[in-house]
Structure formats: C-alpha cells, structure tokens
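Pasting the structures in now, so scroll down.
Two complexes, one shared chain (chain A), two partners (chain B, chain C).
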Partner chain A sequence: MEQTNKKAWLYLLPAMAFLGIFLVYPLIDVFIYSLEEGYNSASQTYFGVGLYNYAYVLHDPYFLQALKNTFILVLITVPLSTGIALLISVGLSSIQKLRDLYQTVYFLPYVTNTLAVGLVFMILFKKTPYTDGLANLILSWFGAGPIDFIDGPYWAKMFVLCFYTVWVVMPFKILILTSALASVDQTYYNAARVDGTGKLRIFTRITLPMISPTLFYLIITGFIGAFKAYSDAVALFGTNLNAAQMNTIVGYVYDMLYGDSGGYPSYASAAAILLFAIVLTITCINLLVSRKHVHY
Partner chain B sequence: MHVTLQNLTKKFPGRGKKAAEVIAVNDFTFRIPDGTLVGLLGPSGCGKSTTLNLLSGLLSPTSGRIFFGEDDVTALPPEHRGVGLVFQNYALYPHLTVQQNIMFPLENRKGKDKLTKEEMRARALEAAKLVQIDGLMERKPKELSGGQQQRVAIARALVKMPRILLLDEPLSNLDARLRLQTREEIRRIQKDTGITTIFVTHDQEEAMSISDLIVVMKDGVVQQIGKPQEVYDDPVNQFVAQFLGTPPINIFDGAIRDGKLCIGTTPLLDVTAADQEDLVIAVRPEGFNPRQNGIFSCRLHRVEVMGRDISVVCGHESFIGENFRAIIDSEELAFVSGDTVRFDLNPNKVFAFRKDSGQRIRF
Partner chain C sequence: MDYEKLERSARLRSRAVKITTYALLTLWAVMVLFPFYWMVLTSVKSYGAYNSEWIPRLYTLSPTLQNYREAFTAVPLTGYFVNTILFTLATTGIMLVVTVLAAFAFARLNFQGKDLVFTLFLSLMMIPNELVVITNFVTITNAGLRNTFAGLILPSVTSVFYIYLLKENFAQIPDELYYAAKVDGTSDLKYLLRVMIPICRPTIVTVTILKVIECWNSYVWPRLITDDQAYFLVSNGIQEIRENGFGRDNIPAMMAAVVVISLPLIVLFLVFRKKIMAGVAQGGTKG
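Up next is the complex of A and B:
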C-alpha cells in the first residue's frame, strides 16, 4: 500500500510541478503583493504590510466604475446569451432541412477574431460626421435616434457592449446545447407523447432536466468568462477605457500594471484578489443552487 | 375494448436513391377480442414493432385503418388514443422518482379531466400496488433493479387507465429467472385489469406461455393467428413450424410415394394425400418414440439428460443440418443403446411442407 502511494505521487509529480510553478505560486504571490504597500517590482521593495491596497482600490472611482460595469455585463449577458442559445438550439434540433447550413452560420462568430468583430460592431454603431451608422439608420425608421453608441451616453455604450458580448459567446453555447439536445433519447419524447404531454411541458419537464448538466456547465463558465471580460471592451472602445467609463475589473488590473497610469502591481494584485473572491463566491452559489436543479 | 386492424399497411421509403421501399407491415387484418392478451411474434425485422407503433400512433399507416372498439383512431395522434405503452428500455424519466414517474401521465390532463394532487397520489399508489412496487415510491429509477423498473413502466402505462396496453419486448432486458417471474406477473396484471393487451416478442416461449392469441409474422406478412397450442400443433407453413418450439422442429427431405409419407427413401406413415416429390418433412422432437422394431432407423450419437428432459441426439442422411434431437420419456430409454436407434413416429407431430413455397401439405 505504502509502495503504491509513493508510485502514485511519482506519476503525479510532473503535473504537480507545473501547476505549482505556474498556478499555485503566482496565486500566492499575487496574494502577498496585494498586502504589501507600494511594492516596486524593479527594486523589490515595499513600505509596509496591511490592507491599505484594498482600501485604496475600493475607494478608487475607476475601480467602482469597473466593478459596476462588470456586474451589469455579467447579469445581462449570461442569462440572455444562454437563453437565446437554448432557443436557437431547440429550433435547430427541430428542423430537418438546412440544419447543417444554419449550424455552420451560427458557429461562424466563434472562429472570427474578437478585434475584427469589434471593428464591425464599431462601424455598425458608430456615429461620425459623415454617417450615423447602420444602427441609427434602423432607429430612424422608427423615428428615434440618432444616438452615438460608441462615444455617447453610458447606457448606449453598455448596450453595445452587452450586444457584442452576447453575440460573441453564443456560438459556443449553441454548439454545446445542440449536441446535448441530440443526445436525449428519443424514446423519452415518444413516452411523453403517448402519455399526452404538451409541447411546453415536454420541454420543461423532460428536455430541460435532461440537458441540465450541460446548461449548468454553460452558466458557470459563462459567469466566469463574463467576469473576466476585457478584450471585448477594448475592441469596441479602445484602450482608454477609464475615459470611456467602460472599464472592467480585468481592464482595471491591466491599467494598474501597464496602462498610462500604471506601475502599481500592489493595487493590481488587490483588484485581482477581489475579482477572485467575487468569482469564487458566485461559483459557490451556483454550485449550491445546482444541487437542487441539476440531474446527472 | 376490442381492437380491429383493417388492411393495415406501412411502407418505409428505401434508403438511397434507387432503393426500393420497405414494406414493414403488409395488409394486416385482424380483430383482437376484448380483454385478451395477444403476442406479436416473429424474428427481428418482421414488422411486429412497427405494428405496435402503428397501434400507439407513433407511426401512421400508409394505408388501412385501426379501430379501438367502434372508434376509428387511424388519424388520431398518440396523445388522444388513450394507449399505455411500455417501451423496451422502459423510458423511465431518470430525474423523477418512481411516484413522479407514475403520476406523470396524470399531470398532463387538462380541463375537466384534471385531478387534484391527492387524487393523483391515490391513483399512482393504486397502480403501484397492482405491480407491487408501492414500497419504492421515493426511489429514482437508477436505484431500482431491471425487474422493478419494468414494473414502474407498467404502472405508468396503467395509471391513466388506458383503453389498450402495449408492451414492446417487455422481457428482453431481464435475466432468465426474472423473465419467468415477470411474464407470470404480466399475465396476472392483465387478468386483474382486463385491459386488452398486445405485446411484441421474438421469444416464442414467452409468447406461447402467456398469450391468449399469438400472431406469427414474417417479413411484414402475418403467417398465422391462433391460440398458442393450436398454432404449435397445426402450423400453416414451414416457417411457423420452425419458429415455434424448443428444441426446434426437425426438418428432413422427403416425399409422398404410393400413399406413404417417406423420409429419404424410408416409407413411414400411410397418408391420403396425392403423391408428390420434393417435400420437407418436419417432425417435432417429441414426435419420436423409440421402439424395439421402430420403422425409422437412425444413427445414435449420444443421449443428453437435462433435468426432466431426455434428448436423444441422432443423425440421418436425409436430415437437413447435422444432428437432430428427439425428446423421449424416461421409460423409453431402454430402447436407446448401441449405434442405431429405431423410432416410431407420432402422426400428429409430423408435418409435410412443399419445398419451394413452404406451404403445408395436409395428409
């Protein structure tokens, strides 16, 4: 028994070493930096130890803005993208003709570069001296607008960011959900039909529970992904996100490290640890909720 | 409720461009009397499951009609037919408990048929008691054995008081001992409820043992319908004769010459039928009676004693196949020894069929 244990550890060693060096050590390091006041990575010096970095970050209006943006983004895009993806997948699995074509079309955004998509969105929504853009053209048909979605009011910019995020994360969800739906045994549907079950009830009582593990996986990874959003905002609003009021927490961390106002690894570390705490809490809540509603 | 099938036909389009369409059920006409247990029997691909799906409404026929009692249900979708269907793999919803599974069909009801929670619970409990699983109501399907799952599936089909009950290969997922027990159980439940029940099986023993009537099918065509014993004792063609019975019937080359039925060149029985060549003579294993001076002489290979059955394995040059098997009584064992064994044949256990069409020649 003792012998096998030693062997097992030996086999685990390469993976443990890599994880330790590249995952656990940096994590601990970030935690230590976040407690060291005025840490300077060049001179490796700091003034003292304490919670000052956290206090600073939590009082920084830019961080609070980033926190608010991130939460709005998460709360809007995760349910919306998952819900729409579910609708589209159900639609896809109930058609016969052209299913492959539609599947390909819906998957295309996934293989497209984020920045390229951001450029397209900018052209669609941006208002310039020469043109109001396609979005405003459509709005004008309904007698509304024009609104500058890229440099205009906060809610308009947030709308574009959410729209863009939903659009970008959906293909993957559609792909996963379509295959989950296809793997539900047809006899369950036959049994339900023979028992006179309505379409909606079949969906809520049979389809949803059957694909609940997949759905849960998508929601968890969706939450984590949305909390870590950064490149989407950059693609739309450029690198000076604080000025655009569109910064996210990861964006704030980046700015604190390398941005124009950067060079503060301690603040960056504190913000990163705060993000970590938030994601951890939300994931734990998700897991607790899932115990009741996910059927493996 | 009696069920009438009228010229029921189901064709499936062939796969590929030039493939011919497949006729799964061909011109099936039959009236199933009220309260009977009917077994649809045949090898795989014979159309028995298609017939069941036509009855349930999951498939719609290419032509022909289906009546439940006097109602024409041909165009009715499955949810309005009021059939209970037990699937081969049971199709129990894995995320629901036994009770929720059984209550599921009741919860679907709308309008005036709607039941209160208490009524549903009572009905579910009643159905569960009928199949003796009322102690397992809070379990999930995966915590049940195969036999218990089977019972839950039957309870779920019965709880809505269906007009007819359909069972698709109900015993195929059970082990041998459980199968024996469960088929008695199905018989009992059917007798208790009096619901007209149709089940599909490829196992002839299963069909013979519990059915009031069996329907033997082959390639979409009904071969013979009748009480199990009648079909066994009086098959209409070679296929039915060979499909029913374990060990299977023994097949010999033969003919009728000079008013005598012959296996090979050995004349065996006096018959009234006209002389003809190229026949298949089929003898049930229990049709061989070893006698000191029996008329049918065979090479003796070995004697196998398995419990109450004594089977004698013999060879004969006219036998189609290698060895044939005769089942004999223990007192007849005295006549079996040495290299050859001599049999008399029981005329009721001997059938003659045309070699080309398999049609029965009565004699």
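Up next is the complex of A and C:
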C-alpha cells in the first residue's frame, strides 16, 4: 500500500503542479489583487487594503459601456440563437435526404478561427470609400440607405456583433439539440399518433418536455459564453474596442491588464470578479427557473 | 365524405411542410457558407479589380493567385503558421501526457484521500479562465517568459475536464485485465501504455482533436504574452495583418491569408467529420 501510495502521487504530480501554479494560486491571488489599493506593477507596492478598486471600476464609464454592451449582447443572442437552433434542429430531424450534408455544413463555423472569419464579416458589412459593401447592397434592394456597420452608429455595430455571435455559436447548439431530438423515445410519438394528436401538440407536449434538460443546459452555457464574449468583438472592430464603444466586460479586463491602457492588474481583477459575480447570479437564477420547468 | 379529396389535401399539406423545411434549412446553409464563399472569391480577385467594384460582384471571371503570393511574402504568414503548429503540437502533446497520467492514477491506483483529491479536482472545473488569466500573466511576465514558447504553452497544458473524461473511460476497463497483467508481472506504466491507452483510443483521439481546435483558435493568451511578431500565432497574425499588414487596405491579400489560416482546420474537420462532431457533442463548449 505504501508503495502504491507514493507511485499514485507521482502520476498525479504533473497535473497537480500545473493546476496549482496556473489555476489555484491565481484564483486566490486575483482576490488579493482586487483588494490592494493603488498597486504599482513596476515596484510591486500598494498603499492599502480595501474596496477602492471595485468602486473605481464601477464608476469607470468604459466599464459601464462594456457592461451595457455585454448585457445587450447576452439578452439578444442567447434567446435568438437557442430559438433558431431549435427550429433548425427540428427541421433537420424531420428530413432524411441530405441530412448529413446539412449537418456537416452547419458545423463548419465551429472549426473556423473566430478572428479570421470575423474579418470576412467585417468586409461584408464595412462601408469604405471604394464600396458600400455587400450588406449595404442588399439593403439598397429594399430601398434602405447605406449604413456603416463597422464605424457607424451604435445600433448598427451592435447588430453586426449580435449577428456574428449567433453565427459562431449556432453549430454547437444545433449539434447538441439534434442529438437530443434523436434520443427521444419513438414509442411516445407512436402512442401520440395512435391517439391522433396534432403535430403542434406533439411538439409542445412530447418533444419539448423530453428535450427540456438539454435546452436548459444550452441556455445556461449560452449565458455563460455570451457574458465572456470578447474575440468576436475584436475580430469585427479591432483591438481598440473602447474607441469603438464596443468593448465587453472581458475586453475591459484585458485592456486594464495589458495594451495601451494596461498596467492595472488590480482594476482588471476587480472587473473580472464583478463579471463572475454577475455570471454566478444569472446561472443560479437559471437553475432555479429550470427546476420549475425542466422534466428530468 | 370524399376520401380522395381528403387524402389529396393531406398529401399537399405534407408536401408544403416538407418544402418549407428544406427552404429553411437551405437558407441557413447559405448563411453559413456565404462568408466562406466570399473569402475565397475575394482572395482570387486582383487588387485593382476588387477596388474598382463599387457594387461588389458575386463572381469573378479572371481569378488570380497573386494575393496568395503576396500573403506569404509581404507578411510573415509562414512564421505564424510554423509557430501555431509548434504551439499546437507541444501543447496537445504535453497535455495528453499530463492528463493521461492523472486519469490513470484516479482510475486504477489506490491511494489515501483519492476521493477527496478527485472531488477537489472536479471543483476546479468551475474556475473560469478569465479569472486566473490576470495572475498567470503576471507570473509569466515575472518569470521572464514573455515572447517564449514556454510562456505560451505552460498555462494551458492541463485540463480538469479531460482528466475527468479519461478517468471515466479508464474506469470502464474490467479489473480482471489489470489483475491478469499483475500476475504476469507487468508494471503499472506498461499496463497503462500497452492495455489502457489502446482500449481507450477513441476518447484519447477525441480529446486530442478538441485540444487541437482550441489551440489553433486561441487568441487571448497569445495576445497577452507575445508582442514580438516572431512568436505570433495565426490569430494574432491575422489581427496584426488587419491593423497594419499589407498597407493600403489590400483586402484581397488579407482574404488570401484568411483562407490559408482557415484551411487546415476545415480539412481536418472534413476528414474526421464523424469523430469531431461526436467529440464536441461529448465534451465541447463554445456556445
């Protein structure tokens, strides 16, 4: 026993060392950072301990802008992407021909580089002196004027960001929902058909309850993922997100840490902790709601 | 009752539903594919042709490969590529060793406090990356590892989730095999390499693929830790190209670079389609 004991710890050693240095220690450290007032990263000194960093972040107009952007993004993209994914998955599971092809195509965005394809979206939506761009060409068919979606009004930029975010998160949701739909026991459907139940009723009374755990799993992970949005925005609007008024909370954390406005790990820590307080609260609310509506 | 009429209207209805379904599915497929089409199309338009199109054209009659030549010569795209491949191989390789060893200990070996340690490991899964990245940045900077491969690789070589996934898989192997091997005098390490890994190869392949995708797309950590172009990965490279790459807004050349960067993962996906989709369904995130 003594022998195996030692050997087991030896096997665990690399994982524990890496996790300790890069996960456990930083987790403790981030709280310490967030409480150290006036921390100077060059001299590694600070004035005192308190909640000043939180107060600073909460009064920083850039943070408030990032907070607003993130909330708008979350509230629009999570319901929208989940809804469309459900619609598409139901459509997918109702057909036989070409199903594999559609599934393959739908999964493509998952394996693409967010930054690289974001650049394509930027070009599709951007208005330059040479061209109004393809999005504006389509708008002009409906008689709408050219809008600069990348450097233009706030709502136009927010539209592109939401659009791209939905495009990026769809593959995962479609994949998970189609496999959930495929695993619903066929006997329920057969029984309903014998009773002559209508299609809509079958959907709301059998399909939805049966896949509700998956649906809520997707909503929860969707909320968490959308709150951490960052690279999509960078792909579309460049690294200076504050200037574009398109920063997200995670973007604010990184900007505080590094870059032109960086060098403030204390503010970054406070903002990161605030973000996770928000995410934790929302996840708890989600879980409470799901307990009422999900059938396991 | 006119049954024939009823039957016909029912058939018409089901056909209408089918057509609507296909129309909807095709619409989304077009939405997904169009950006890919557009990037390939733009990448083969010449610089002059692209900039003279006030109204963007949906096809081109004079494709050129000039942009690809430019993408590889005007910016250090080859360097970004080599860096990303090295980074991906090293990170995935080290991660596999670390996670397999840990999973083996949890699944096969007995030691005091195993359950407690495993529970602690699982609870680590809840720690979001964004929370620890700040200190990691400071740690790596203080260790003088900025702009090195070690700095890029080390923080992402463990994953509690993959340890969990592998442990569950290892635990399904019947104990009898282990005892039989023990009777034959096989060492634990040899048993792991010769028996457990071959049996659990599907899960190991899944983990590998997921990690490769993650590495190829990683952006935030490399951006924090490198500011020397010689260590840029493709994500940072594309951002660099966008901000001060080819100059004079050479969008076709940019798109050529985007195509080159996107291609490896798309090829990988088309080859291992079933495997990747099953793997992501089992343990993917991003959504």
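One rule holds for everything that comes next: the second predicted complex is superposed on the first by the 271 of 296 C-alpha atoms of A that agree within 3 Å, B and C clash if a C-alpha of one lies under 4 Å from a C-alpha of the other, contacts with A are read in each partner's own complex, and residues count from 1 in each chain.
Following the convention adopted for this analysis, a residue touches a chain if its C-beta (ideal position, glycine included) is under 8 Å from a C-beta of that chain, and two chains touch if they have at least 3 such contacts.
Computed from a prediction, not measured in an experiment: that's the story for all the values here.
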For this session: Considering only the touch criterion stated at the top, classify A:Pro26 as touching first (chain B), second (chain C), both, or neither.
Result: second
Exercise. Can A:Gln103 be said to touch chain B (first), chain C (second), both, or neither?
Worked result: second
For this session: Scan A:Ile176 for contacts with chain B and chain C and give back first, second, both or neither.
Result: second
For this session: Please determine whether it is chain B or chain C that touches the greater number of chain A residues.
Result: C
For this session: Could you say whether A:Leu12 touches chain B, chain C, both of them, or neither, answering first, second, both or neither?
Result: second
For this session: Using the superposition on chain A described above, determine whether A:Arg193 touches chain B (first), chain C (second), both, or neither.
Result: first
Exercise. Touch check for A:Gly222: first (chain B), second (chain C), both, or neither?
Worked result: second
Exercise. Is A:Val184 contacted by the first partner chain B, the second partner chain C, both or neither?
Worked result: neither
For this session: May I ask you to decide whether A:Ile282 touches chain B, chain C, both, or neither, giving the answer as first, second, both or neither?
Result: neither
Exercise. Once the two structures are fitted together, what part of chain A is touched by chain B and by chain C alike?
Worked result: none
For this session: Under the touch definition given earlier, write down the residues of chain C that touch chain A in their complex.
Result: 18, 21-22, 24-25, 28-29, 31-33, 35-36, 38-39, 42, 51-56, 97-99, 101-102, 104-106, 109-112, 114, 117, 121, 124, 127-128, 130-139, 154-155, 157-158, 160, 163, 188, 213, 216-217, 219-220, 223-224, 234-235, 238-239, 242-243, 249, 251, 254-255, 258, 261-262, 265-266, 268-270, 273, 276-277, 280-281, 284-287
Problem set entry | Residue ranges of chain B touching chain A (in the complex, touch as defined) | 56-58, 77-81, 83-85, 87, 89, 91, 93-95, 104-105, 108-110, 156, 160
Problem set entry | Of all residues in chain A, those that touch chain C in their complex | 1, 4-5, 7-9, 11-12, 14-16, 18-19, 21-27, 29-30, 33, 41, 84, 87-88, 91-92, 94-95, 102-117, 119-121, 123-124, 128, 130-134, 137, 167-173, 175-176, 179, 218, 221-222, 225, 228, 230-231, 234, 238-239, 250, 253-254, 257-258, 265, 268-269, 272-273, 275-276, 279
Problem set entry | Complex interface listing, chain A residues touching chain B | 185, 187-188, 190-198, 201, 205-206, 209-210, 212, 295
